[in-house]
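There are two complexes below, and they share chain A, which is joined by chain B in the first and by chain C in the second.
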Partner chain A sequence: MLSLFATLWQADSAFPNGGFAFSNGIEGLADLGQRLDREGLTNVLAMALTHRWMGMDRIAVSLAFAAADDMDRLAEIDLRFDAATIPALQRAGSRRNGLGLLTAHARLGTGAAAEMKRQVETGRMRGHLPVIQGAVWRACGMDETSVLAASAYTAVTGMTSAAVRLSLIGAVEAQSCLRATLPLMARLVDDAGRAGPLTCDDFESLTPMLDIATMRHATSEVRLFSN
Partner chain B sequence: MNMIDNQRAKEATGHAVAARVGIGGPVGSGKTALIEALIPVLHARGVDLAVVTNDLVTKEDAERLRRSGLIDPQRVAAVEAGACPHTVIREDPTLNIAAGDELEARFPGVELILFESGGDNLASTFSLDLVDWWIFVIDVAGGDDIPRKKGPGTLRCDLLVINKQDLAPHVGVDLPRMLEEARSVRAQRPVILTDARRGDGVGDVADQIMKAVLFR
Partner chain C sequence: MNVALDRSDFLSPAGTDPMPGACRDVTAALDFARGGGRTVLTRQHVPYPFHITRPFALDRTLPELATLYLQSSSGGLYRGDRLRLDLRAGAGAMAHLTSQAATVIHRTPAAPARLSTSITAGARSFLALTNDPFILFPEAGFVSSMEITVAPDARVIVSDGFASHDPEARSRPFERLETRTRICGPDGGLIATDRGSLSGLDFAGGGSPLGPYRAMGSMLVLGPRLGEIDPHRLTTEMEALGCCAGISELPNGGGLILRCLALTGGHLAQGMDYLFVLTFMALMGERPARRRK
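Moving on, here comes the complex of A and B:
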């Protein structure tokens, strides 16, 4: 039961971690004229989950969860994740969001969060969000499946919230996109649990539309979100 | 930040932490102009400072300060507010806290960090997780009824600044009455009139900052 409550606590958008400032490609897609209505947004969420989260974040989360007490190993995973994240703005957003989560937990005294924050500040770690999630959420008492579920869930709720704040879709209608995505999230987290051991060599993503939108967003003079 | 949090922050960062002051208020009230006027005054008093801006849509405020020649551009950090100018300084100030921590790490001698909000309405307030003390800036051109509206920003800030006092006769504002009403709704807590463009009242604002968070 503790793991369940810890998961509700950490997946709650009210938990301060800076996530509200990142659209992770949604604002860039809107600038490209992509329709993000109910069908369009649902498709984008499925694409991001299947072809980015599953091959990148999910692996980093699990590896960091296993290495939560090993700062050298966490730094190695973090650097490999950094190298495998191609769009600069995606990389920067993941690092800043990770530092936001770390900042809150360092203040709260969670596990080794303060030490990890020092590693980021001294440049030994980049502080990517999935790595911080895996290590810090384990220290919060969450089991690995719950950490994966919270990682997937917060990834899509962040993008959904950005679409609402950009007035691309209504706040209620956006929930239908989220509901439609729940079975996919459940399947991906189940598949992750059944998969064999993974390494940093398994990092992969293929979301060209999102990547191009994110790269174009980097040069936009007018933008509401960091990425 | 209270004493316990401050000690925890020192343990977390491994170095002394700077005093953090918020400057909020409606869009166009003169927050950036006030900071531009404060920087040379505080520098002249030997204060080692840095600035974090929260721009809503662009990085205009940060760029304006960086290009001003008033401060080392490296000492100005920008945080995007994700369309949520309230959230970034109150409900979720972690990005701002992290930006302040980064400035402290890069400039170990920094003793004061000013956080400029992206501009919002009268309900805007700062989290005490983020700042030790905060200023709310309104201006006479926004209307002399602003104090009477008793917005949380007007009531709860540590110092209320009424800027653009020079415009009062041009916009039909009874300045003495506006000042009296502001003091009344704030139960006589500090209110300062300024004309940030000309520097009027800016020394008084600096006095308040020095006294409240730098203890000198």
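Moving on, here comes the complex of A and C:
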């Protein structure tokens, strides 16, 4: 039961991790003229989960969960994740969001969060969000499946929240997109649990439209979100 | 789905295999060196199905730059192919390898075709590899791997591109595409990795990661630059060519990456040609001569 409550706590958008500042490509897609109504946004969420989260965040979360007490190993996973995250603005967003989560947990005194924050501040770690999630959420008492579920869920809710704040879709319609995505999230987390051992060599992502949206967002003259 | 191909001399009937049942396991190697104000080939091992033209000095203001056309003499890649291409540019050598047309990946039941390219750019060298897009036919599986090792003062341009095409216009998807790129420094230190995989169904489906586009390409630009690429000009001029493009700094200060999406393989080929001009100017400080195809 502790794992369930810890998951609800960490997946709550009220938790002060700074995630509100990131659209993870949604603002850039809107600027490209991508239709982000109910069907369009649902497709984008599915695409981001299947072709980015599953090959990148999911692996980093699991590897960091397994290495939660090993700073050298966490730093290695973090640097490999950085090298595999191609758009610069996506790298920057993941690092800033990771540092936000780390800062909150360092203040709360969670596990080794304060030590990890020092590693980031001294440049030994970049502090990417999924690496921090895997390590810190384990210290919160969450099991690996719950950590993966919360990672997928917060990735999706961050994008739906951005779409609502950009007035691309109504709040209720966004919830409809989220509900439509739940079965996919469940399947991907189940698949992750059944997958064999993965390494940093397995990091992969193929999201050219999201990549280009993020790249072009970097030079956009007006933007509400950091990425 | 139909793909308009402007340069498609490798197109042949789907499933036509020049050597039925044969899986080609072949390595081609080209070493370039600087000598006498020119770039010369010091090693040239080009077995079938690879074919290479002689070096051309196309750029009047860069006579030391050798341009060669790399061709497939077998009509594309087939089931079980394992082709490797090893390119090396020694100190100060300058070479550009390009293709004369798109390369077709034919149907590969249960045994994807594999092309592994190794690129090593030595001190002060320039090495470019800009192939026309690979065209995946129905039931084609393709694994494209690139291992790039670059000296800190070397300049490198490498591109890849992919589209699909059903010669019978029945909208049948390819099987699977895998791309794996790894960029390292001369000491083996990792700079960036860019890997992805996609089924043909996902490539063309409603939630495709290509959005409404049906062809995709990337271009890496490594090494010290003499000029910068204006991202606004890039996007505007690429849109005029029917392409959607973006540019970003690579991880670890490794250089630049440009991504490109297009509605067809033909538009992608034109867009990638334009990106080569832009990136060549950024690295070399002048416009490249036209590479006739």
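A few remarks follow.
Basically, the second predicted complex is superposed on the first by the 227 of 227 C-alpha atoms of A that agree within 3 Å, B and C clash if a C-alpha of one lies under 4 Å from a C-alpha of the other, contacts with A are read in each partner's own complex, and residues count from 1 in each chain.
Methods note: a contact is a pair of C-beta atoms (placed from the backbone, for glycine too) under 8 Å apart; a residue touches a chain by one contact, two chains touch by 3 or more.
Nothing here was measured: the structure is a model prediction, and the numbers come from that model.
In the superposition on chain A, A:Ser94 makes contact with neither chain B nor chain C.
By the touch criterion defined above, A:Ala21 lies against chain B but remains apart from chain C after alignment on the C-alpha atoms of chain A.
Within the superposed three-chain model, A:Asp211 lies in touch with chain C and out of touch with chain B [touch as defined at top]. In the superposition on chain A, contact of A:Asp82 is made with chain C only, not with chain B. When the two complexes are overlaid on their common chain A, residue A:Ser146 makes contact with neither chain B nor chain C. Of the two partner chains placed by superposition, only chain B is touched by A:Glu121; chain C is not.
On chain B, the positions that touch chain A within their shared complex are 5, 8-9, 11-14, 56-58, 79-84, 87-88, 91-95, 97-98, 101-102, 105, 129.
Residues of chain A that touch chain B in their complex: 14, 16-23, 96, 99-104, 106-107, 109, 114, 117-118, 121, 162, 165-166, 221-226.
Note for the complex: chain A touches chain C at residues 32, 34, 43-44, 46-47, 50-51, 55, 79-80, 82-89, 91, 203-216, 218-219.
Residue ranges on chain C touching chain A, taken from their complex, read 179, 190-198, 202, 206-211, 213, 216, 218, 231-232, 235, 244-252, 257, 259, 261.
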